[in-house]
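Report on the structure given below.
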Amino acid sequence: MSGRAIPSDFVKSVLQNGAGRYVCQLQRLTFKFCKSSGGSRGTRDYIEKHLIDFSRENPGTAVYIQPRRHHTARVVAEFLNGNTVVKNINCLNPDDIMKWLEHLRTRSGIEIVRLRKSQHTDSPSIQGVWTPWTNKDSSMNISDYTDKKLLEMKRDELTATEKLLELAKNLREKDMKKTT
Amino acid sequence: MVFLTFIRSALNQGPDKYWRIQQQLRFSWHFYGRKRNCYKIGMRYVFKALRYGVSGRKDKLKNMRELWYRRINAGSEEHGLEGKMFLEGLARSEIQLDRKILSSLAIYEPRTFKSLCEVSKNTLKEHNLPFHEKHINSRQNLLKDLINNEKSVEI
Amino acid sequence: MAHYRVQQWSTFARTWWLFDARWQCPWISARTIIPYLQGTKKPIYHPLSDTGDHVIVINTRLIAMKNERWITFKHIHDSRYRPKGVIEKRAWQIHAEEPTKIFEKAVYYSMDKNLLRRNLMARLHLFPDESVPEDLLKNVSDCIRQPMLAPKRLDEYTEEDRRNFPKLFDWPKDFVLDDGFRTKKQIEFQEP
């Protein structure tokens, strides 16, 4: 599969939710089901047995129940950032529905996409990002670059002619000492 | 009485074929021409593309490795050290940072990278390994030389 | 974040480098300059991002070539017009006409052969002598060292130095000084 076909994103969180206090991002749950059909039987059972407990535990989320004649059972979840997620719960047990609701409750509402990297920061650098001037000496601000010393080749060793001249100089000095 | 079951079973080749075609169309959405929409024509191109994908995964790692090395080399040359010898020094001082991390350190945490360079320099000196500073163009080395040669530094 | 934008300006800022081509081989000095033009000297280098620097080269008139290179090396231009489309020129001829041309060609040929080459060449500023416009020289913030050692000419030595230069040995009297190299024309001229 070509990488461009699948939408991708970096790791995100809503305003660092949970770093201090946690705010449940799920705002509204709407159950749409049929009163008579067998597909939404599990939904009906869930509503009878567990829904009141769920809404008591999560006072932040509003729960609506809308019977729709001969429709597939589904849950519409609306999040704080405006996203809506529709989950088909036709032909599901109350236990399975409970698991899916738990999934919706703990979600941040951000779309589930392929992650390019497993980690992400807004401030990648603490010491400051590299610039051309980070590792340069401050004396270069006031130096003249047409100066020959800076432009010439740097060398560790003397050239052969220079060594020769030095040798000759030493020999000459020795001779001078002998004569005197 | 009409026997439809035989005809239907002949017509219906199962859900597999439909999904197979759908899968291939997902692979070939960005092609040009009939190989984009036709199953049979696009088959060969999709297989070839997948084979390219396998080799591309290796090439990508190779290219990234080269890029990391270039970045490390550029970063360490600013502190008077070749990239090769820098890595040698780090290995000898048992600092197990990989090239990816080192290259990102060179960009985002330059001070840490500088201290790593100094660590590797010291270990190289301990092991009597040469690191050629003369090829490297940095002003700090020049200033040191001028001072060592007891020439007047005109600033 | 507003300050991120400023940070980016500073990391991707172009620096201007100065290079002196006096007594330098154009091919060797091209190899030293090219990493600066491409931006491989920076840790932020990426082949797709534009990280290259500017380089000002002075004294291109005073470049040096070894042996008989000024005579033997030739640039060939072919315009595909058959009767007289091919133009051959020796290095010394080109250098006499345009003193920056040989240096430019040396850098251009030893770069990687891709589409970036023209853009990188646009950041190379060549000057035959030391007279560089002030607005360019104002940007210069660092210099590139010469890759070769500039030799000292005979007339740069003082007379004392020349007199005191150590003589290691004398040539034997029957020794003929000859490097043995002759072109065909020279041989024809000498031995008609």
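Details
The chains carry the letters A, B and C, assigned in the order they are written, with residues numbered from 1 in each.
The rule is simple: a residue touches a chain if its C-beta (ideal position, glycine included) is under 8 Å from a C-beta of that chain, and two chains touch if they have at least 3 such contacts.
Since this is a predicted model, take the numbers as computed values, not measurements.
Among the remaining chains, those touching chain A as well as chain C are B. For chain A, the chain whose average C-alpha position is most distant is C.
Just to note, of B-C and A-B, the chains joined by more C-beta pairs in contact are A-B.
If each chain is reduced to the average of its C-alpha atoms, the one that sits nearest the average of all protein C-alpha atoms is B. Per-chain CA centroids place chain A at a distance of 48 Å from chain C.
If you average the Cα atoms of chain B and of chain C, the two centres end up 34 Å apart.
In terms of their C-alpha centroids, the spacing between chain A and chain B amounts to 19 Å.
Residues of chain C in contact with two or more other chains: 42-44, 142, 145. Under the contact definition stated at the top, the residues of chain B that touch 2 or more other chains are 75, 106-107, 110, 139. With touch defined as above, residues shared between interfaces to two or more other chains in chain A number as follows: 128-130, 136, 140, 150, 154-155. Those residues of chain A that touch chain C in the complex are listed here as 128-133, 136, 140, 145-146, 148, 150-155, 159, 164-165, 167-168, 172.
The touching residues of chain B, counted against chain C in their complex, run 67, 70-72, 74-75, 77, 103, 106-107, 110, 137, 139. Those residues of chain A that touch chain B in the shared complex are 1-2, 4-5, 124-130, 134-137, 139-140, 142-143, 147, 149-150, 154-156.
Taken in their complex, chain C has these residues touching chain B: 40-47, 142, 144-145.
Contact residues on chain C toward chain A in their complex (touch as defined above): 7, 10-11, 13, 15, 18-20, 42-44, 130, 137, 140-143, 145-150, 164-166, 168.
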